[in-house]
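By letter and in written order, the chains are A, B, C, D and E; residue numbering begins at 1 in each of them.
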Amino acid sequence: MALLEHFVNGLIFSSIIVLGSIGLSLVYSIADFANFAHGDTMTIGAYSALVTFGAVGGLGGAVFGLPLGFFVALLVGIAVAAVVAVVTEKVVYEPLDVGSIGLLITSIGVAFVYRAVIQMGFGADFTRYDIRPLRPIEWLVPYGIRVTQHDVAIAVSALVLVSGLHVLLQHSDLGRKMRAMADNPDLARVSGIRTDRIKLWTWIIGAGLAGAGGVFLGLYNQLAPRMGFDLLLLIFAAVILGGIGSVYGAMLGGLLIGMINQLTPVLPVGIEYANAIAFVIMVAVLLVRPNGIAQEAT
Amino acid sequence: MGALTDPTEYWADLTRPEQGVLAFVVGFAALLLFGLLSGGLAPTYFLYLVGLAGMYSLLSFGLNSQWGFSGLINFSVAAFFGIGAYGTALMSASTSPIAGGYSPLVGLVVALVVAGLLAVLIGVPTLRLRADYLAIASLGLAEVVRLVVLNERQWTNGSAGVRGIPSFFEGWPLLDTFPSAMPGLEVALPGARIVLETPFWNALLNVALVVTFVSVTYAVLKRAHRSPWGRVLRTIRSDEDLARALGKNTYSFKMQSFVLGSLIMALAGVFYAHLNLFVSPGDLDPVTTFYVWVAVILGGSGSNRGALFGGFVIVAIREGTRFLNELELMFELGGYLVHLQVPFDPAPLRLLIIGVLIIALMRVRPEGILPPQRELIWPDAVDGAPSRPDSGVRDAKGGGDGE
Amino acid sequence: MSDHVLELSGVDSGYGEVQVLDDCSIHLDADEIVCLIGPNGAGKSTVLKTAFGMLTPWAGTVEYHGREIGGMAPEDIVREGIGYVPQTDNVFGSLTIDENLRMGGVAREDGLSEVIADLYDRFDILDQKRSAKANTLSGGQRQVLAFARALVMEPDVLLIDEPSAGLAPNTADDVFGHVQAVNEMDTAILMVEQNATKGLGISDRGYVLDQGSVRFENAAADLIDNEEVSQLYLGG
Amino acid sequence: MSDLESATDPRLGANLSKENVVLRVDDLQKSFGGLVATDHATFEVERGTITGLIGPNGAGKSTIFNLISGFYEPDAGRVEVNGTDVTGAEPYEVADHGLIRTFQTPRKLEGMTVREAMLVGPRKQPGESFVKLFTSPGEVAESESRNLADAQRILEEFEIDHLATQPATDLSGGQMKLVELARAMLAEPEVLLLDEPVAGVNPTLRNKLAEQVRRLNEQGTTFLLIEHDMEFVMNLADPVVVLDRGSVLMEGTPDEVQSDDRVVEAYLGGGT
Amino acid sequence: VSSTDDGSEETTETETDGTTETDGTTESGSNGGPYAIGMVDSLTGSLSAFGERNQRGKDLALKRVNDVGINGRDLKIIVEDSESESQGGVSAAQKLVNQNQVPFLIGSVGSGVSLAIYESVVQGTDVVQLSQNSTGLSLTDFPGLLRMSPTGRTQSTALSNIIADDGYDEVAVTYVNNDYGQSLADAFEQSYDGEIAYKNPHDQKQQSYSGVVSEMNSSGADAWLFITYQAEFATMVNEAYSSGYEAQFYGADSVSGDNVLENTPKGSMDGMKIVVPSAPVDQDNYKEFASAFKEEYGEEPTAWSAYAYDCVVTAALSIQAADEFTGKALQKTVREVTRPEGQKVTSFEAASKILSDGGGVDDVDYQGVSGPIDFDENGDPVGYLQILTVENHDYVGTGFIES
């Protein structure tokens, strides 16, 4: 009973982690660095949606108990996160002549800047979208599942986005080109791949998904300047667990980490060790499957 | 030869960045001196900053001998730092729930032993595997150590922290009572009147301690880095298979490098505990790991001088921005100070400035401020070889002088 | 002047601050196979990299059908109809053979499957391992894959860096045979070779490069016969 | 796998009646997924010889090197170096028994000069012990000077001494192969496994290198040499082992090998 | 880079006016310049929301003080960021105490940080440290460390009584995993007679607490006690609401705030009881404070703004009452100006008037907006608690408790 409840909770929470981890993983493999500003990109998405939602309002109608205005805000959140990421790439990362660790350090600086700007604009305090939280869906409660329509909306939207990405990768050359570029950028150019475009697409997709993750995180929980950053460690764990650079691995890793995080109550340790357990399990899994659970690491 | 006997030639021998850094260091030192003399910079605070910089330098040395030398990605700097701090605190503090009351020297030894053991424990399963393993395991380790310290109250006092830590020199003849025994010393300066009292002498002792730690570490690392031992590590960093093919036991080398680095980090923790006299789980916050990485990369990966300098840069960035806080919104206009109203919350400004500084530094000096010397061969062996003159003199100064 | 398909004239080029090519002039006519030989480090690969936009010439011009292409990006040069096989790092290790070949054709609009099918016909060695990752190939198999990858575009000009390095004698013969076959289908070829006898053997003309400058330039057969060239560069 | 091959005893190919065997490969097997890369390979290398190892592309030559040197673990079979069983040992343990190998694709060393990259070669340097750095610096300096002189000499012999203080990454393809070979020679092993040492090396220099190999051989180093350059192998090596599809096809003198129909058909082709 | 040469003379003016535009002419010379005191606050980091509120209270108070002036001089507060970490807090305090040489230090938010500052910077000097927000029990053990917020023990005792009076003999407790949460939870455990069905810490800053609420639910207790911060609490309320859990909620001070009301659904907390230290809200000075605050910031003040407000006023009064502007003198006056002897006054203006009319420290008893203050011998203020009950999704005062 309790297990089922935690399991479903895990599924919802995972949806958000998955959205974050895909982007991180993509950027990790294409731009070749661990982007510490990724969490704050999520925050940007969330706050852009907040502003938009404030401006456009509910717009009437409701899907999954969410007004249509929210979906407009979601799209804006995705777009702004993507734009900010692309601008950052152009202004900060591209002109840099440093290795991957250098980029990592730079991204810490970028994260600070994002966060500081958000805090300047919105203050340090937390806030929420002006959407009334819902009660759990009645007919599921007897089964021990306590989810709201919003939770369902989060999971479904995440599923839609992820499937969209899957279709994109499967039915276009983009995925293959991305892998080729991650493998050998020089040869990719020699083969005629427009690597700067691929890179741009990577940022757009990665940051867009992160933006969506941020918006959902805001809906699921609340908005605060540190919201994305505080989730970053878990997202990293997911990416590594899935096998760095593998999109599908990142999905799987995100799912697992979210689950583990939410399933701690049924484990024989205090809930205060939730994150520690996620990491211990991650290391244990890796000792058995050295290339991540997807085994397809580039 | 040396900087003193033949300054022009010495200057000409330096690379551009070295000249830049030297000029910067000299200029900065002059500025500090001016600040001290004019009373603008209080000596006790200055010594505190030097102590802090020394601590960051030690941490950077530790990470440099892992990442910079062998390419080991360690994201648990804060954990080893914390183990050093807690190790000595739990041995020597009056409120320690397990031991307590021992001499800080015992604390030092215990802290190092624990850190070393933990490093081996992490290293055994991960160092045989692909490089990112350590990164992952250490990321997890940092969190586990932090949570254990926070939650296992019976051993660590939990979130209450450990207080009542003696100063490092407690129980030593002479040094023990030196700070309180020193009479207040009044220094009259053109700008101000400064009274040097117990806190100042305490701070002075702390600086002496950190300078000792830093110099010894620097000397050891400098020798190791230019040796065949260091060369094997560099080979592993670049291509581990090649090192294996040439018959090097890479696992053992990586382990040595990892343990060495961890010990140095713990040493920094030991210093910190006796500097602050209070440790709490907050000291294991991962942000320390961030800053140390920034210090190493900004200084120049693989360069000991860079790590030393990077430690100072970090303190300049973190603590220097406190002063910006006071200056930022003011400028002088015809003798009047005009207070600018800003339409946003200025509190995160410091965070913003730190972020921008990091980005700017990476842009200006992508390979770090003082990248490692281009060739690292045991000093005596290259005599007469057509490389850049050996820079032993410069390096020998080591210590806490910021070069 | 512009009856040359590809022409480097008075090119200086190099890496960072290190100059490698010094006033180097090389041209390639339609239907030709030209072989570039010289000692290690002479700058042969640098010539190809400069021609293909991997390096920007410091001085001089690179012209393709009379149009300046010096400094153009490689991904654009491919679309102009030039193909390039690098000397090292010339396959995508984590991609399968099939994917490697597909990547070779990203700039193609159509007919990709046919060309690839045709290449599998020609290179048995690849056909057997279509879905193997390239980094599991043997050294020689990799060379063949790299060569085939460049053919997917069916370029007008092909720049090849040491096609026979690491190939078994019979495979090398195969590859040289393909070079000739490709050449017969109106592709001009500029090729760097250390296996100078064989390389020059199938070439129309040859250049000897030393320390970044052209030392000798002649019909291939004459170069082989040249006493000095043979002595200094061909190990004879 | 043709019927003919599996019917014959794989051991028939090699000459197994050598006196002073320094390297013995016994019935070695290795497969990757479904692909059998090494198939009951068996041969011996006699001390003091230069043994050639040739075979078509993908025959499994490099795989055998990886198996011998401890980079791959064999599925079955034995490897003996100097009479010791080193099957499944770590590369450094194999090296301790006196065997060093080079790579077919040369390895770049980032952040080092060519000279430094060479100095990684020598085995058992006193300075590789952290403790000795502080207890006996004199000894370290002495061996370092000696190695440096050796490195300089070999670089000169390989005509790349002008590159000594260049970054080891800024080299042409051929130069990288030369450094790889030179470094392995600096290790002064008893047995040296070279994987296509002269692929991409200029013919003139190639001839000089042949001299170097011969000279080292005369000083006692045993060579096992993979090479596709027939002129180079056939001049240097005796005997020559021919590998095909993972197993030893035959072994013989250069003349025997070159006149063998199977070798001509599977490997040499019409030309040469 | 040259920021460190900023001498104390140059920093005459930064924070003096808070929100007013003018005041460009506070010049040194006239009366020796403003009195500079320091404040360590959580401007960034995990407790930055508290820091923000502190700053508002501080600015408001500073305006009041400087409208009147202290001996004709202004009060200036140099604010430094602790980043909500003890390392950052200690660095901030080091700068304020040893560089800016402030004799009076307001700081800081988290109990751990306040203690760290005390142990490593203030202890052994005569600087006055007055923490604005720390309620951790351990601070009681440090008589030298004053605080404006009453010890959590009074809250814990009050809570246990209320819960027992409400007829619950079983309770589930979740507390934030730091010194504040832990000490309050421990004190509660000691004073509560009923059964504690669940008592576990939770980490701050988590994105989901559904595990916590569902564990509390399955503990079977009908009364749930939350000892945590607003953001965490709001998350828990929302999760309980959307999981359909029902229970009687109780909370310690830090769970209340307009932001909690705004960000939780109507009806989700109705009936909840929270104990907050406060002045009687019908007292005039509080009303006046609240309306001024609302006018300035458009929302109701919280206890944390009130504490900071009182810190500033107390500091100002102790400066005015002291013969000289040194730590030694302030140590004496700071306790006295709020003590019951003397005339009860509720504003700085009134208190200042008594002092400037020749009154001594014993003639004033400042009554703060957060309560009567009245530091005891341990440096703790008198706990004056208000019980808030959530009715129609709003806080309604339903009683007072004085300890």
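Everything that follows uses one rule, which is that a residue touches a chain if its C-beta (ideal position, glycine included) is under 8 Å from a C-beta of that chain, and two chains touch if they have at least 3 such contacts.
Predicted, not measured: the structure shown is a model, and the values here were computed from it.
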Both-way neighbours, i.e. chains that touch chain E and touch chain A: B
Minimal step count in the chain contact network, chain B to chain D: 1
Partner chains shared by chain B and chain C (touch criterion as defined above): A, D
Selected pair, greater C-beta contact count between B-E and C-D: B-E
Most remote chain, CA-based centroid, reference being chain C: E
Chain whose Cα centroid lies at the greatest distance from that of chain A: D
Approximate Å spacing (C-alpha centroids) for the pair chain A, chain B: 34
Distance between chain centroids, defined by C-alpha means - chain D, chain E (Å): 75
Inter-centroid spacing, chain C versus chain A (mean Cα positions, whole Å): 44
Contacts with two or more other chains, residues of chain B listed in rising order: 150-151, 345, 347-348, 351
In chain E, residues with contacts to at least two other chains: 44, 48, 51-52, 177, 201
Multi-partner residues of chain D (each touching 2 or more other chains): none
All chain pairs that touch each other: A-B, A-C, A-E, B-D, B-E, C-D
Sites on chain A touched by chain C in the complex: 173, 176-177, 179-180, 182-184, 186-195, 298
Contact footprint of chain D on chain C as seen in their complex: 15, 18, 38-41, 44-45, 87-88, 125, 132, 136-141, 143-144, 161-162, 165-174, 194-196, 198, 231-236
Contact footprint of chain E on chain A as seen in their complex: 2, 5-6, 9, 13, 16, 119, 123-128, 132-136, 141, 146-148, 150-151, 217, 220-222, 224-227, 230-231, 261-262, 264-265, 270-272, 274-275
Interface residues, chain B side, partner chain D - complex: 220, 223-224, 227-229, 231-232, 234-235, 237-239, 241-250, 256, 260, 302, 372, 374-378, 380-382, 385-387
Chain B residues touching chain A - in the complex, by the definition given at the top: 67, 125, 129-130, 132-133, 135-137, 139-141, 143-144, 147-148, 150-151, 286, 290, 293-294, 297-298, 301, 344-349, 351-352, 354-359, 362-363, 366-367
